[in-house]
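Following this line, the structures themselves.
Next come two complexes, and both contain subunit A; in the first it sits with subunit B, in the second with subunit C.
Coming up: the complex of A and B.
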């Protein structure tokens, strides 16, 4: 595989994490414009734990995930009375608070003769894990691919459980869910928290891959893209958001003569896809059709 | 068992109920009818927690339902269906019972007799309305409710369908379940219910 192709594939994997986190939140019927903050918090947590505290890479990633999960829970507790547009506004505000405060925090240090550490808008340089461990681009691609596959497997198990079924009803028809005796609150908390954790995991891997992070990387457009991936991919199966990522990063950003016009083409493509597939390419209905086609009719 | 005590409810200054009192005994099958805007659906919404009364009490056994959320009331066994059918349009019917697989297998006979068996693998948009209404009733029945409110269950039924449906209800609603059928037409409740109440503007409930 050419180096360029490997980089593109790695990027597809990395942005799949944030797309999957947007997917989880859309399932419970909310729209979050703030997933980029969790991506950023995951990246910054990893950098801080790894560089300042010299924790092992596994612990750094794990702690970043836990922090993002807890912040997700906290965010959904604080917004427990909000929904729809108001929830979206709150998440956007949260994300901007994070991004703008990272612009202000400066605590540069020197490590092994290299400048590193938090440095406001100049970013966090020299997160050198991949160099220190001699991991080449292909190796790192395999690492992200394995983690993404494990995550998708977890999604697959979740998808078959009553948790996902109830969560989908909570997101689709709150009144129906309540009349069936489903308490919507734990689903909301769990899904928004988990979405934070998944986005944070993606962010941590992103920080490792790029070895340099700055607040501007976690701007609003990243969050909007993660939503767009899920909306064009559809809410039927977790493969949907991955399809969205593939269309944007795999096709548009990577084909050189297209990348200049990426935003224009992507915007138009989203509009066209939504005209033909109003609920995304793999909509819940299509997912049910697939299930109906493959599994026996009737009960057992 | 379920009791609404001098309940007052108004919407934007218009009183729907001034002092409504309604009692339901265990195993009772009651019909409730009335003209447009007399508060038939409001009564269901109050009893299942989707609306809060302005004044008065709502009790289930010894328990006040006023501070409970709709899902808690549903868990207690006070179930309802909806006048406008509420089924997810992206799931086939058999995925919409929301009870354990075992429960469905135990009650296969009931599902078969109800006449929806041939539609279990279809989406709601591919089924006629009577099937969808039966589906909602079945969904509520499978949860073994102690009180069941049916809001316009036979709307859109032909006479034969109505007769079959009444037979089905008589046969499969457990004797311990209290049933309240709320409808414009009285045919179904005449076949199924033992007591029929009428709702009138600003008047107490009376037997008709």
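Coming up: the complex of A and C.
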């Protein structure tokens, strides 16, 4: 494989994490404009634990995930009364507070003769794990692919369980869910927290891959893109968000020869796809058809 | 005196936010939809008007008229491609994402017409005067009065005219309105064109006080309009005005006492605080008591 193709594929894997986190939140019927904050918090906490405290990489990633999970729980506890646009704006406000305060924190240090550390808008340079361990681009791609596969496997187990079914009912119709005896609050808390953790995991891997992070990378555009991936791909199966990322990044790269007209074509194309597939390409209806085909041959 | 001057600056600048929040309020309060492409439609109309001016040299009145017309047309396009196909009860999120895609498209189109990244925008009434040591710019004062006037016009159109009645009817129950013989497609196009025209007036006034257009204007409009609308309270027209003025007040005071880099942080902290403590905004109803609002998803 050429280096360029590997880079594109790694990017697809990395953005799949944030798309999957947007997927979890959309399942419980909310819209979040703030997943980029968890992506950023994951990236920054990995960098801080790895560079300042010299923790091993596994612990750094794990601690970043835990921090993101706790912050997600905190955010969903604070906004437990909100839904719809109110929730979306609250998450946006949270994300922007994080991003803008990262612009103000400066604590540069020098390590092994290289400048590194938190440095406001100039960003966090020299997170050199992949160089210190001699991991090339292809190797890193395999690492992200393995982690993504494990995550997808967990998603498929979750998909078969009652948790996901109840969460889907909560997301589709709150009153129906309550009349069936489902308490929506634990689902909301668990899903929003978990979404934060997954997004943080993606952010940590992103920081490792790019070796440099700055607050401007985690702007509102990233969050809305992650929503768009999930909506295009569909809410039926966890493959949906991945398909959305693939369409976006893959298609954008493949129409690079039209680079000047890229967003003009792509924006219109997305709007037209959504006219024909308003529930996304893998909509819940198609997903249940697929599941019936694979899993219930004994019935009928 | 310094505090008074800061507050006055904030209020005058906040009227620009109020104008944007009003246009958002119209669409959200009446159509129950978030139009993320709104800011970039204003940007595109401004840039298009400047382009027309560079070819035909139509003058400042011509620029104004071209902006109004093109903004109405662009908003109808946005409505037809993003909102009309998803007009059912569950189409809210999809139409928002679709308008986000169109946002990208419109932004790119405007950067085509804006090859130098920035263009100067003609300004009018550039004078200023002093009242007892308070510095006031006439164009900003004008903006303030237009904002108040436009609230009146909005109110009149929504509650006193036939179109306003139809608009509220379609927003209350689109299916029922259709059964009663209302052409809901035309009504919702009208609402978008209306908000586009009003947004274009706002954009024209803001750009002429700033006297330049940058590619970030669209994003700025969308974000500030949304924040001001949330601060004031969704769907309430006086709330939009007050939210905008409040946002202006916060920003000017924070810049004066803490420094410019804290401006946005404080704005978003206050927004988060208001959403957590009193989700309906300053003027809005308590959303939880309003069953309809609580069950609605965007």
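The rule we apply is simple: the second predicted complex is superposed on the first by the 285 of 300 C-alpha atoms of A that agree within 3 Å, B and C clash if a C-alpha of one lies under 4 Å from a C-alpha of the other, contacts with A are read in each partner's own complex, and residues count from 1 in each chain.
One rule holds for everything that comes next: a residue touches a chain if its C-beta (ideal position, glycine included) is under 8 Å from a C-beta of that chain, and two chains touch if they have at least 3 such contacts.
A quick note: this is a predicted structure, and the numbers were derived from the prediction, not measured.
Asker: Let me test your reading of the model: by the given contact rule, A:145 touches which partner, first (subunit B), second (subunit C), both or neither?
Answerer: In the superposition, A:145 contacts neither subunit B nor subunit C.
Asker: Under the stated touch criterion, which partner chain does A:278 make contact with: subunit B (first), subunit C (second), both, or neither?
Answerer: second
Asker: Taking the superposition on A as described, I'd like to know which of subunit B and subunit C A:165 touches: first, second, both or neither.
Answerer: It touches subunit B, and subunit C stays clear.
Asker: Looking at subunit A, does subunit B or subunit C touch a larger number of its residues?
Answerer: The partner that reaches more residues of subunit A in the superposed model: C.
Asker: Tell me the contact category for A:252 with respect to subunit B and subunit C: first, second, both or neither.
Answerer: In the superposed model, A:252 contacts neither subunit B nor subunit C.
Asker: Tell me the contact category for A:175 with respect to subunit B and subunit C: first, second, both or neither.
Answerer: both
Asker: Please work out whether A:55 is in contact with subunit B alone, subunit C alone, both, or neither, and reply first, second, both or neither.
Answerer: A:55: touches no partner chain.
Asker: Touching A:239, do we find subunit B (first), subunit C (second), both, or neither?
Answerer: Touch status of A:239: no partner.
Asker: Applying the document's definition of touch, where does A:135 land relative to subunit B and subunit C: first, second, both, or neither?
Answerer: neither
Asker: Identify the overlap between the subunit B-contacting and the subunit C-contacting residues of subunit A.
Answerer: In subunit A, residues 175, 279 are touched by subunit B and also by subunit C.
Asker: Would you tell me which residues of subunit B are touching subunit A in their complex?
Answerer: 48, 50, 69-72, 74-75, 79-80, 82, 86, 88-92, 94-95, 98, 101, 104-105, 108, 117, 120-121, 123, 139, 143
Asker: Help me check something: in the complex, which residues belonging to subunit C touch subunit A?
Answerer: 28, 34, 36, 81-82, 85-86, 91-94, 96-98, 100-109, 223, 226-227, 230, 234, 261-262, 264-265, 268-269, 271-272, 275-276, 279, 287-288, 294-298
Asker: Write out the stretch or stretches of subunit A touching subunit C in their complex.
Answerer: Against subunit C, the touching part of subunit A is residues 26, 29, 31, 78-79, 81-86, 88-90, 92-94, 96-97, 100-101, 103-104, 174-175, 220, 224, 227-228, 231-232, 261-264, 266-268, 270-272, 274-275, 278-279.
Asker: Spell out the residues on subunit A that touch subunit B in their complex, using ranges where they run on.
Answerer: Touch residues, subunit A against subunit B: 165-166, 168-169, 172-173, 175-184, 236, 279, 283-285, 287-288, 291-292, 297-300.
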